[in-house]
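Each structure below appears as structure tokens.
Paired with chain B in one complex and with chain C in the other, chain A is shared by the two complexes that follow.
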Partner chain A sequence: MSTTIPTTERPTFAPRVRRLTLKRRRQLSGVLFALPAIALVVCFIGIPIGQAVYYSFTQWNGLTSTWIGPSTWTQAFHNTNLWTALRNNGLLLLSVPFALALPLGIAVLLHQRVAGWRIFRSIYFLPTAISWVVLGLVAERFFAYQGTLNSIIHALGFSHVSTNMLGYESEALIALGITFVFTMIGTNTMLFLTGLATLDPSLEEAARIDGAGRWRIFRSITLPHLSRFIQLAFVMTVIALFSALFSLIFVMTGGGPGYATTTMEYLIYETGFNQGDFGTAALYGLILFVITGIVGVVQLRLIGSNE
Partner chain B sequence: MKKPRRTGRWILFGAMVVVAIVMLYPFWVMIITSLKSESQFLSGGGFSWLSWSNLTSVIPVGQEVLSSTIVCSSSILIILCVGLPAGFAFSKLRFRMSTVVFLVIVSAMMVPLQAILMPEFVNVTRLHLTGGYLGAILVYASLGTPFSVFLFTTYFRGVPDELIEAGIVDGLGYFGALWRLVLPIAVPAIATVTVLQFIQIWDDLLVGLLFIQNTSERPITVGLAVLAAGRTTSIPELMAGSIISALPAMLVYLGFQRYLVKGLTMGIDR
Partner chain C sequence: MRSFGAVAATLVLAGTFYASGPASASAKTTLTLWQNYGTEQNAVATKNLIKAFEADNPSIKIVDVAQPGTNYFQLLQSAAISGNGPDLAVMWTGIYDLQYSSYLVNLKGNVPASDLAKMEGMQWEAPNFDVSQGAYVMPLETQFYIGFYNKKLFKEAGIKTVPTDWTQLLADCKALKAKGIQPMVYGNGGQAISTEFYPWYDMSYLMIGAHSLASWKGLYDGAIPWTSSTNIAQLKNWATLEKLGYTNSDVLTNTANIQQFEKGKAAMMVDGTWDTAQYTSTMGSNVAAFVPPYSVKPITGVVEYPGDGFSVTKYSKNKKDAFKFLDFLSTTQAGNIINAAGLIPDISGLKTTNPVNQEMLNFVTKDHMTPYPMMDNYVQVNVGNAADSELPSVLANQTAPLKALQNMAQAWHLLPAAQRSSKDFAG
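On to the complex of A and B.
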């Protein structure tokens, strides 16, 4: 274009105009290309967050809402169900160390490259592909009175002992926690194995030559190297704990016995769809939003810190 | 690396076999239980094809698998069509405030559906989208979009600017550059998004349960969960249905394992 303009007239101006329009065209295309994604996220995630804030101050059954004000919040915090759910989530946090330590052990095991390790790797990750609905169904059979757990106990010689963990308020949450650990093994092992693959083998070699034992090498070289991966796995596991247990609970216990296995996310579903109290459910949603938000900020910082 | 002593290797191998048994346990339970009739299941012994031959009359697996396929493929198509241009824009066609907008979209990744479940449900119901698949598809698409935008943006950052600029100078235009230059390069990223979202959406319960009102249009995961929670369906038939529901996701996983790993470790493994 610039070559067609007679160079005698405005030799410096023409290219500048062209560059400006090009820049504007690029920006315009950028906005245009980003718009559908922005619209989708705003309409289905952004706006509902705002609505949740509004509805948390109302009495709402899904059709009509009446403004109540901040007293809805004080009321909610006097509700024992909320505290039970928060306590259940808190207790389930105790399973997180297991959901990290077991995959770490398995990843180290796989990293030894024993014959057939690739096949073992595929087997270990296989449950990750299937739905937590299905895994919950299987777990329900495992813990049932006539299930695998009791068969194992009887086979070990304790024929007079029988468990029915999902049937008792004191034990159902433990069973849910164990199932949760199992469902997280594949993902976390995958993460740790990726971390181990980036470890420079010559480091371990050098330590070994210096006379360091296996445990020493693991503690002083492997573990520090994996720290970022462990942090990421920790955050992902905690987020899953607060937002992915729904399928397991729905299939295994329905939140019961009583409210023994009702976590925050299940309480939201239960309050909204079984009790029809949309306002309180929206409020509980905001509490969950804040909790996962805090964990999410930690994760963003972890991901962002290497850019 | 020094080879551990022989006994050490056998102990390692033994440990790996034990872990393998634990991880294969769900599949073993599903297969063994599905090969029993209801009475054989209760009494413990025996073998029968009954639950398989009865399966379609108890659980409409054909219809449910079809529903799952429609919902999955439509959602993924939207996620790709929306995420790919946005990733291109945020990495190469930056506009005013684009970094802020990008960060806002990425942080939407942290919002669990349960947190906004009530307004979302009422909105989608009011728009009369829960009658068919559209409501669920849009919810899945919007939940998957932040991750795909994040993945495409980080992926395109690795593509040299000169390549795009050369295309523009050659008169492709931005849409042409997206279609002819960016899309072919993005195939691995597209595969990663597709595999991850497929497994996520195929295995999901909550959205399908609430945003698809007609029981005849239920995806298979939802169908199974509802029957399981009802506690009236025979366990062997439920297990047979579980196998059907697990197969597609397992096949996708086994076929595209490396893309799955890439997606899960996204952002840290670079």
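On to the complex of A and C.
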């Protein structure tokens, strides 16, 4: 049986549209999905950076700006306070190994379930839950001439010895570094404890059966296993060092004595909000931005990871 | 949907009615006032001034907002940039307030000229020190940077008259120390505006001892470099006080200097009038004022200056009412309130009832000392900030005088040329 379709009922076909390949469609979807995020990044990061670049060439009091030109940059590099702040940032980097080694040691001890480990875990984590402003105030009283540190020294029988670390240019930065290490202990300890919790105990057991000592197990099993956690802690600590020390400096030293504890971020605040010179502050902000970028790249290279 | 619309309309109407309130309440203007006085006598005066002003002007309410002293001006600046700050703000006078002039309203034409004329020392806070250009701050009080001493401790050490130059000061400090009395105390317990002590009380007197009032202009425009040998010598003498053990050893970190002085643990301290009432209240007649004698020759100048007051912000929506409050500050009623709080009214003809404040006024009226402005209100802000950071360390012998002065000179050199010139200064 054959059927013939009447000409009037024959289906008509729309002109053929060139269809996108699956790959192209996926690419397009990807771009569309990423667009909101890209817009946010451009709005809240890209444009402000562009503005900072522009304002760094101006004299700007926050309300009105006057174009000056590249001389703002040459003038800024003649400011000795900028170099002091950069030096202080560099010296504070020396505290990073301590901010990693101490929590690592504490985490290893807690992981071995020493007596009272649960209480100690809470105690070590406690500073993380406290504002850095409060920690700074506590540290300020700790290091003060009539503070806790001297009380402890005197109680130990050294009544003729008194320290006043925040009162001396040569020691204030050390006191600040110690406080910074203390503030990082909680976060980094928890990070390392998390890493240790993922370590397969049978590996350690096998090594022990093979005659490996504690140090060998730590060096050959624990440490390699924790490498990614150490990398993360390292990155977080360096970022905190460059961008979160402000509150400690503000309440402990105000950047002094002299400029002994003035870091880049504090100098930016002082220049912008104390002197009302937002143009120069923007310039310093860009310098810090570039330095942080360089440090980030260097640390990734040192770690040998692109993650 | 119709019922939803009706409910929504009712809610909107009700909300509008609630927000606008009764007719009498809506006529009331609310002004916001920011101050950074903490617990000083100025805070008491401000509170009482507001109360009296509101009683006289029932249609105006002033909300007194106490801001932190340490970052008050930074907060004010941020608020100005975003245009949501107060109607009235405490402001320091002189060149200091000119940096904020872009968001302050000039008093000229807004406060009657006859009332402005009643206020003393207005020339120091006018642009280029020229009163014809108006001013941005209505003074609250006449202030002195001044030394306070403990009469009893002086007597114990056999000191009969207050020192008037470096030699006498060092001799008196030696005598006090020999008796086991700490001669001087420093710390940031007074005007807590930074983590270290505020160095400008001393620096003003160091510069009075070094230069005449007429030549202070040279410090502003560079005719006298900050690193001049006279300035270095003055700072060296100052640092000697700590070096010889005539001050507390923790000058940079001490926060209890006021209490230590009040309790008789130190014989002298350099402070300001805002703490006079506190001292006379706790020490009675045992406290007296002296001019810090930071001079090779007998000192002939004293810092007397309307150092602070109130300004109206450009972004205030109620400028007219805000200026009413500033005008009120020139009245006798306001002057009496200021005096009752232990401060010295800045209004011509009004007196102080505090005996120690009167001693300060006598330095000018009876001893004929030259009144100087506060140096921190006279130098460029960036130079001032450099000094804030460096000078306390000089006294603590942590920073060499030359290094500190070089930093101030560097701040001066980095200023735009217009800010280094005094060619438009009046007088």
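Operating definition for what follows: the second predicted complex is superposed on the first by the 245 of 307 C-alpha atoms of A that agree within 3 Å, B and C clash if a C-alpha of one lies under 4 Å from a C-alpha of the other, contacts with A are read in each partner's own complex, and residues count from 1 in each chain.
One rule holds for everything that comes next: contacts are C-beta pairs under 8 Å (C-beta built on N, C-alpha and C of every residue); 3 or more make two chains touch, one makes a residue touch a chain.
Treat the numbers as computed from the prediction; the structure is a model and nothing was measured.
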- prompt: Just chain B (first), just chain C (second), both, or neither: which does A:F125 touch?
  reply: first
Message: Looking at A:G254, would you say it contacts chain B, chain C, both, or neither? Reply first, second, both or neither.
response: both
Statement: Larger residue footprint on chain A, choosing between chain B and chain C, goes to B
- prompt: After lining up the shared chain so the two structures overlap, which partner does A:I268 touch, if you call chain B first and chain C second: first, second, both or neither?
  reply: first
Query: Which partner does A:L156 contact after superposing on A: first (chain B), second (chain C), both, neither?
result: neither
Message: Taking the superposition on A as described, I'd like to know which of chain B and chain C A:G62 touches: first, second, both or neither.
response: both
Statement: Going through chain A, the residues touched by chain B and also by chain C turn out to be 62, 146, 250-251, 254, 269, 273
- prompt: What does chain B use to touch chain A in their complex?
  reply: 1-2, 4, 9, 12-13, 15-16, 19-20, 22-27, 29-30, 33, 42, 78, 81-83, 85-86, 88-90, 92-96, 98, 101, 104-123, 125, 138-139, 141-143, 145-146, 149, 168, 174-175, 178, 199, 202-206, 209-210, 221, 224-225, 228-229, 235, 238-239, 242, 245-246, 249-250, 252-254, 257, 260-261, 264-265, 267-270
Residue numbers on chain A that touch chain B, as the complex places them: 22, 25-34, 36-38, 40-41, 43-49, 51-52, 55, 60, 62, 106, 109-110, 112, 114-117, 120, 122-138, 140-142, 146, 148, 182, 185-187, 190-191, 194, 198, 201, 204-205, 208, 228-229, 232, 239, 242-243, 246-247, 250-251, 254, 264-265, 268-269, 272-273, 278, 281-282, 285-286, 288-289, 292-293, 295-297, 299-300, 302-303, 306
Complex contact set, residues of chain C against chain A: 70-71, 73-74, 77-78, 80-81, 99-100, 102-103, 194-196, 249-254, 381-382, 385-386, 389-390, 392-393, 396, 398-399, 404, 407, 410, 414, 416
Query: Given the complex with chain C, which residues does chain A contribute to the contact?
result: 59, 61-64, 75, 78-81, 144-146, 164, 166-169, 250-259, 262, 269-270, 273-277
